[in-house]
Amino acid sequence: MIKAGIIGSTGYAGQELVRLLLGHKEAEIVWYGSKSYIDKKYYQVFGNMFDIVDAACLDDNMEELAARADVIFTATPQGLCASLVNEDILSKVKIVDLSADFRMKDIAVYEKWYGIEHKSPEYIKEAVYGLCEINRKDIKGKRLVANPGCYTTCSILSLYPLVKEGIIDPNSIIIDAKSGTSGAGRSAKIANLYCEVNENIKAYGVTTHRHTPEIEEQLGYACGQKIVLNFTPHLVPMNRGILVTAYGNLVKDYSYEEIKAVYDKYYKEEYFIRVLDKDVTPETRWVEGSNYVDVNFKIDERTKRIIIMGALDNLVKGAAGQAVQNMNLLFELPETMGLTQAPMFP
Amino acid sequence: MIKAGIIGSTGYAGQELVRLLLGHKEAEIVWYGSKSYIDKKYYQVFGNMFDIVDAACLDDNMEELAARADVIFTATPQGLCASLVNEDILSKVKIVDLSADFRMKDIAVYEKWYGIEHKSPEYIKEAVYGLCEINRKDIKGKRLVANPGCYTTCSILSLYPLVKEGIIDPNSIIIDAKSGTSGAGRSAKIANLYCEVNENIKAYGVTTHRHTPEIEEQLGYACGQKIVLNFTPHLVPMNRGILVTAYGNLVKDYSYEEIKAVYDKYYKEEYFIRVLDKDVTPETRWVEGSNYVDVNFKIDERTKRIIIMGALDNLVKGAAGQAVQNMNLLFELPETMGLTQAPMFP
Amino acid sequence: MIKAGIIGSTGYAGQELVRLLLGHKEAEIVWYGSKSYIDKKYYQVFGNMFDIVDAACLDDNMEELAARADVIFTATPQGLCASLVNEDILSKVKIVDLSADFRMKDIAVYEKWYGIEHKSPEYIKEAVYGLCEINRKDIKGKRLVANPGCYTTCSILSLYPLVKEGIIDPNSIIIDAKSGTSGAGRSAKIANLYCEVNENIKAYGVTTHRHTPEIEEQLGYACGQKIVLNFTPHLVPMNRGILVTAYGNLVKDYSYEEIKAVYDKYYKEEYFIRVLDKDVTPETRWVEGSNYVDVNFKIDERTKRIIIMGALDNLVKGAAGQAVQNMNLLFELPETMGLTQAPMFP
Amino acid sequence: MIKAGIIGSTGYAGQELVRLLLGHKEAEIVWYGSKSYIDKKYYQVFGNMFDIVDAACLDDNMEELAARADVIFTATPQGLCASLVNEDILSKVKIVDLSADFRMKDIAVYEKWYGIEHKSPEYIKEAVYGLCEINRKDIKGKRLVANPGCYTTCSILSLYPLVKEGIIDPNSIIIDAKSGTSGAGRSAKIANLYCEVNENIKAYGVTTHRHTPEIEEQLGYACGQKIVLNFTPHLVPMNRGILVTAYGNLVKDYSYEEIKAVYDKYYKEEYFIRVLDKDVTPETRWVEGSNYVDVNFKIDERTKRIIIMGALDNLVKGAAGQAVQNMNLLFELPETMGLTQAPMFP
């Protein structure tokens, strides 16, 4: 039985991790960390856990946590994990960091886009980027996993085969992304009140969103060159879900079948990636509550572009589900363990 | 392995049954029945099932279904199950009927409130009312289970201890209920379009809703007399969930502790009924996706009334989850099997 | 041209007042008060007002405001208006107070339910309860109007004819009310975040909501006796709207026509109260953005009760619209001026 | 007083037209046309109109309508207006067609994208494209106005100054648009049920949406060449609103101030177009219920692209409001008459 500790268990991603780990037969939660709710019963913060979780919330004490747990999930704002991690801790416990601290290899890029100093750059190289379908082999055996961002996971997995195979010009990529509101976190801000989000859609972080360089770096690895692209996120009045609509210039004419074959090459055997039937567009409702990513594409012969679409649940494959998938890889369990529930609709 | 067939698998309750049975380790679905989508792949009707269910939809053929399945779920409009059932079928297979056909013992009440003739009154007596927490013992060994309605389950379970123990005047009961829109079904009606339901709340079926006599009959059994009560349902702009707010006149003064003890007497050992902490009101979000019913009460010393509140997921405990719970009882499996997922939030 | 000042113009009710006054041809706004946004452009707080309102927000300075304005609207938390008002101010300006400070005549009831000391009890008697349809004559010529609460307006107007005419036992009244989320205000609280309110319904303030004594007092005047009743509010995932579903015991048998005649007696000439056709239930969507209250009733012959329903827009007839209606009365303008827009749907 | 007739008054756009015309002091509605609800009271179809509109719905009889009305609005599916219009009718009455029948000058493009034969091609040349801000002068004096589509209005007005001035490569344009659900119309389809749209976002009509050639044609006029572009619409769980996020390659380096000056050149004097302050992104909530279009842009120096955003209310500026604006132009009334309400929030 894997003993799991969660730092930041009272955010939306942290709570989703609790839900998933409760249903995982080889894991048990030993630490419900939450700076804001220390000593409060976890079920008093999340009423769904009444009669299920009796534990109270604990402070962020990574030393003690490392002594008690086999794996620590940090579902916290950027900067926290980097400020707590050290050699002693990493010698005792594996860490899956849901923040951005170890996602980018170029520390200058991290510090520029996040506007904070990195507190443990010595672990950046060691950390593995935990996009399981791409880096599966590199994750096994690691101590520190940088769990990818929600927009990032959806964007990269949607575009990866085309970029890897050189089918689109990587510098032509435009990603227009839409997210449910749980992605904005559970802190008390007027901008996230019900009446402000409901009956509205808006773009935000235009040209400046922090997931941009993360996507650029990973897709850059895929095509073997540095790239720049546009990424525009939008806030949608729904709880969960990310939809990515991406555009790229085809380097030459391709048929539907040719492109489909490329997606199948990379994803046919992937349990969590579903390449949909021709002309079926991904929709966030069909992946809600699950670890699936639904992808599809449409060629526009008039403009010589391809439109690529991807949908996932930002709290599952975009956060907690992928974290559990990484845990499974780290502990050599079947990769899908605890993650095979069908999506819940409606 | 229990072989399960579903008639009406392409309604919201039918699809939820599919979701739950897919996660049930002792059951497999052998028949995806749907008059409207015969020969269509099930995943083309519900995209969440892509790569999960490969079967196509089949017509309503109860004879053949009885030959192939161990249990049939009828998630269909009232009248259908009663028109199909017969001795031959019941000799081969168990039936859990999610419609109203066998819920009421008084055929005249059924025919009056539903406005249709009952096609197989000979099975009314045999059928057991499948409210598991109340009728658990009677369900085991039966052939035909009348799965309770969604409003009914929530109303009865919320009020049962008070009525059974004579704490409130049963003829003073007023039930004001609120339901998510999946309760209205998946048929194409203007009244259920997004723009008609969104940003709106309304009462409907005022004094005439068909769940009224079902609640009256069952609570009448609890107190040993015929009763009449008011039941007013409302349509709420959300997908899932039922909230019941009920009012009753206390027959004498009671303390919080006295009433709490009564609820504990009946529900302390019940896995799926959670009597909340003092002053915590049930909310539909805390039960979503799960088979729980959350209940609580508040005494009003000024008016000598008690306000009782209950919340459940109309598609789970209010339909498919309770149906699986009944299946577990019928086949002598652990009652909670396949139903222990934590509620999903947000 | 009436010069209007608004204290608390950056709450939801305050902003609605701005919207309505901008469309009122005999009023102009001279003071956009907001303690939280002093010196900030009003349109930076509410983007809908870009290019429409150029003014910046001002502090709460009632002395200066009284010098500049003909009428002051206080759309502020309880306690503020009572703490600012004095003889000098009232000699210069009329006040429409949207808070609860002057709604109740019994100061002890106010202090008990609101838990604060009343700072200017000397004006309680002078203040008029601004429920225009009931107290129209008393409002004209007054200096200080207590604008009724949103739940209160809907509850009282729905029940008034029945209570006034002695058709129901006033102590049997149970009011089950449902409100959109703008009623919860525009302050940053986790409980009001999008993901907390969306896909949920809950009761709150059960037996303790502060609108209870306000309803009891006013309906008590109608029937000439002190009464107690139950009032249970619920939070609904929508922006605007209040729906009241009320229950009362009929003192004898009545026909539909008899009750309809009673409603017509009081409301036939009322511009803003629409008694709907038989069997049509009020819905919040049909009054959105307007000053209408839609009411209707249904007799239950089985239980000898009557179910009364009312719907209004909490920000219009439940707050800002009624405040403008009161302003019109105070300044002897046509009562409907600036309030005749058709409801907006969807 | 202008006598207005509406064919298709029981769709969402038709009903919005009713709402706006009721508030227009120089217009009165003389014909509530609706094939589906002939003889039914209009308020029975739209409860908001109870006590406001007493008329019953009438059949589509354009001959008789032409005799009674000064202007006919056709808020109907494509093909209907073209099949009804003739010289006799146009000699008696002006027509504002909210369908696509007369929007495109190239009949082959119309027939290809809409898949129907055009029934009155002889009027295509005469018809003016009623995008008031661009074609104001041409509209005055015309008999037949093709009211632009909702997506189209938002897309064109957002991009027009940049295309007209040659600031972006017109063939690089990618438009990613998001619409509220009222844009899908008021017909009973499963895909538009509350539970199907709620908690979901999806793209649809990818590469094939009919507004594509309309945008291409109009922007082509602006830059004096034929262009192709990508247009991808998405369905968002909200009632009203369109948000356009468009991308274009800058032909050279520009500063914010230079681009801002271009927008100001075209829009500074436009009442209904609001160019927002620097870094403020358009949001649909800020234009709801109004005829405004909010636009803004952001230069991305990394990719040499510009991101242009526009927001409008699809039922107002995207349909009924623009139709009224066109009526005002046709009858030489002030262009903003009946359209100056502030947006309603929340």
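So that you can tell them apart, the chains are marked A, B, C and D in the order they are listed, and the count of residues begins at 1 in each.
Following the convention adopted for this analysis, contacts are C-beta pairs under 8 Å (C-beta built on N, C-alpha and C of every residue); 3 or more make two chains touch, one makes a residue touch a chain.
Worth saying up front: this structure is predicted, and the values here are computed from it rather than measured.
Chain pairs A-B and A-D differ in how many C-beta pairs they share in contact, with the greater number at A-D. Set against the C-alpha centre of chain A, every other chain centre is closer than that of C. Centre-to-centre separation of chain A and chain D, using mean CA positions: 38 Å.
Note: centroid distance chain A to chain B, computed from Cα atoms, is 36 Å. Residue positions of chain B touching 2 or more other chains: 12, 182, 195-196, 198-199, 237-240, 283, 285, 288, 346.
Contact residues on chain B toward chain C in their complex (touch as defined above): 171, 174, 176, 178, 180, 195-196, 198-204, 206-207, 228-230, 232, 234, 236-241, 243, 245, 247, 281-285, 288, 298-300, 302-303, 305, 307, 309, 311, 346. By the touch rule above, chain A contacts chain C in their complex via residues 12, 181-182, 184, 186-190, 192-199, 237-239. Residues of chain B that touch chain A in their complex: 12, 15, 18-19, 22-23, 46-52, 182, 199, 239-240, 274, 276-277, 280, 283, 285-290, 292, 294, 341-346.
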